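See the structures that follow.
Next come two complexes built around chain A: one with chain B, the other with chain C.
Up next, the complex of A and B:
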């Protein structure tokens, strides 16, 4: 058994898993505050990464400026999306809401394919050195940066929800919309804000992944991979999303390792999370940290 | 069936049997019969292009009706219908080549095989619902898709598998003209069966589960049984549709049955109208014609002042996909009850013509 390779894969899984956790967190944020399951989460990554790429390549802006402009763009994008498309859907049955986000995801996926093409493009180099050695393991600098960014976002989320006024308003809305409304919180604003935050933070993850692997339409598949992660953690738990993301990230790498060494089934990297998903839904549908739906008659 | 349509004056229902008829009035029945009779002569008049479109509408229409029984009538959500459609296609080709079963028998058998697979993946439906079910069926979609790529004994792996044309009493249905009749027969048969199902005890149970599952359970409707049955019937329809698709094209490859196909099926029933059999067909016709219309529109564009815009002509495939996404969003915002509802409104408008409001 090749322990070195396994360890490397587990570390990779942790790094990728943290990014899944970040995207999952945005997903949970939208779900908690607006009760909308966002199937277009992956397209936020995709659009964000492409927009940033366009800023850097076509307008030749320095990375920091381009990145900040992208974040502003994505915040406006998310808010507008909520106002134009999702606001009329309040109160509609769940299938309609799901389908609207699926419609959005198809639309933006093909729009980016149309505008930017299907071949992957790489970002201009940001760092001089490619990889650093941490405890004797080679880790790409971009990966290290992605881990730091992911951790920063998580800490940021924590302080935002714990101490800021808007974060408190969002938590109140998630807890009980009517009570929040009667206390003077603008629920409309909270809805728009949660979409804006989700779009911005997902775009950050998109840019980070784009810097490591290049930008292509495969970025949107992260939006699908997030489902196993958030279901494992519990659909309405932000901590659960992070834990679920890390577990799924490690799991797909470990599954890939055992498959390539012993089983030779193939394609385990992509498909193992979905088997896990089915198993969780079967035995523990509310995940590790999710609240149980109790229905009263 | 639908109570939306206005009934003519003096047409009173005096028995349950009359209240349950498929065709509400004699005129509607006459029109439907005449339409089917006229459709029988279509190959003599229409050329291959229109026949291809019709055959496409019929196999997609059968599968979409299955999805509407599940989503529109039972209120379950499935994001894996495209994979079941594909399973039906591969199953029929596999039964034919491996066991030498005649194709005409393979198609219903493929339906039953798909039904078994659908019920297997529908089993979580007994425990979970709504959103969680949507995600479970999403997992089913990816797992079945992966199975197609992997199981060479079943699907031929990456090279795909061949499907022989339908052969009935020594006659080969291998041209558009001849296959048209198979497609027409299957479409009419499956739609009448669907109508009949919805007016039977089981159909009423489905609607009860959708409208208020607690009340349904209290009234003695077995929730688990009907949720599972609905999954089974829906997959059966998908399997039949897929099998027809396979034997029409003569070749099945694993690439086609992606999540995008499942979404297209959902789009069809949402555009047509959830919980409407007539609407399903309208939605399918809309979705099949939409890309064709776009193609014609872009083709006509070079005769206008704009001329040939290379960005548009080259990106036509993406524009078609974008149109599908856009149509889903627009319909859900502006006409959530679909074309069937719009059709009823138009009918009512003309019924009261000068006095409608």
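Up next, the complex of A and C:
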């Protein structure tokens, strides 16, 4: 057995898993505060990555400037999307809202294809060296950066929800909207803010992944990968999203390893997370950290 | 001048003027309710289940809209401003804070986090001082460091009142603060309500089922029945009113308990 390859794949899995965790957190954030299952989550990554690419290539801005501008753009983008498209849907049946997010997903995929074309593009070189060696393992510098960014975002989320006034307001809204309103919290504002944060943070992940793999349509498939992660962790748990993301990240890489070495079934990388998802839902329908609703009959 | 006239004469901070409330466009709950709350006083609103007491409070605080209810006639004004068309968060900002029935604290947050939430509408930097102020009223909350969901019912009620204080409101609407509490705790909670009213000068509108305690704490009272005010007066007047004594305080004149007294019997049927 090729242990070195396995170890390398596990580390890759951890790194990618942390990014899934970050995107999963955004998904959970939107779900918790607005009760919307956002099928257009992956498109936040896609739009963010393309916008950043446009800033860097067309406007030839330095990476840091372009990246920060992208974040500002995405914050406004998320807030406007909520205000224009989703606010009128408040109080409508859940299936209508889901259809709207699926529609948004298709719309933005097509829009980015129309504007930027279908072929993958790569960012200009940000780092001089491609990879560094950590404990004898080759790790791409961009991946190292992505890990640091992901960890920073997670710590940022923790402090935001624990200590900031708006973070507390979002938690109160997630707990009970009527209670939040009785405290003077504008639920509309909280909804808009949660979409703004989700769009911004997801775009960060999109840019980071884009730096490694190039910007292409496949970024939006991260949005689909996040499903097993958040369902595994429990739809309404931020910690669950991180743990779920890391588990899925490692799992798909390990599955790929065994498949390529022994099984030769093919495509395990994409499929394995969903098999695991099925098994987990069978035994723990609320996920690892999800809250179980108590229903009295 | 009688005491009733004195209380009525003080300029009301809150005046509800002949409001009607309809839920889901069809169910009429309030049929012309008028209430005045004078500044710095405690006013209580009593009545049986389903009379519309909570609905009245929600009409004031704007929470009616979250339950598909609507004020279809009349108006509510607070300190000269009409508030019945405003959203709940704007009403909190103008100084009216409702402590909802059943406490409704955020269970998955700590005591301190709940108190900080109460101060959401404020932007000054005296929040920590006010947390200490709340702890001076409710010393036992200070020792509770776990999640608020694990507090006892009485402590949750105290936290709910403390959270209201954090907003520095001009008026607090309390919906059944005695609900589900032991008699000893009810006494303690009412004692604190009275203390807060005297020390902070916060006007209170108190909805209660426990008429005895409520009238003892309040300056003025209204009695509601199926969406209307049927009786009002100072708490002394209400406490000595024969009907109130018989239907609310348990007791009253033995002579009146005769079935021959048809008027009283009918009244009793309506009230209970």
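Keep this in mind: the second predicted complex is superposed on the first by the 296 of 297 C-alpha atoms of A that agree within 3 Å, B and C clash if a C-alpha of one lies under 4 Å from a C-alpha of the other, contacts with A are read in each partner's own complex, and residues count from 1 in each chain.
What we mean here is this: a residue touches a chain if its C-beta (ideal position, glycine included) is under 8 Å from a C-beta of that chain, and two chains touch if they have at least 3 such contacts.
Just so it is clear, the model here is predicted, and its values are computed rather than measured.
Under the clash rule set out above, the superposition-derived model of chain A with chain B and chain C shows the two partners fitting side by side. In the superposition on chain A, A:182 makes contact with chain C only, while chain B stays out of contact range. Of the two partner chains, neither chain B nor chain C is touched by A:36. When the two complexes are overlaid on their common chain A, residue A:92 makes contact with chain B while staying clear of chain C.
When the shared chain is aligned, chain C comes close enough to touch A:169, but chain B does not.
Residue contacts after overlaying the shared chain place A:81 against neither chain B nor chain C.
Figure note: vertex chain A, arms to chain B and chain C, all at CA centres after fitting on chain A; angle 90 degrees, rounded to a multiple of 10.
Taking the two complexes aligned on chain A, the least Cα distance separating chain B from chain C is 19 Å.
Residues of chain A touching chain C in their complex: 165, 168-169, 171-172, 175-179, 181-186. On the chain B side of its complex with chain A, the touching residues are 71, 77, 124, 127-128, 130-132, 134-136, 138-140, 142-143, 146, 149-150, 214, 259-260, 263, 266-267, 270, 274, 315, 318-319, 321-322, 324-329, 332-333, 336.
Per the touch definition, chain A reaches chain B in the complex via residues 37, 85, 88-89, 92, 94-96, 98-100, 102-111, 113-114, 224, 227-228, 231, 235, 265-267, 270-271, 274-275, 277-278, 281-282, 285, 295, 297.
Those residues of chain C lying in contact with chain A across their complex are 61-63, 66-67, 87-89, 92-93, 97-98, 100, 104, 106-109, 113, 116-118, 120-121, 163, 167.
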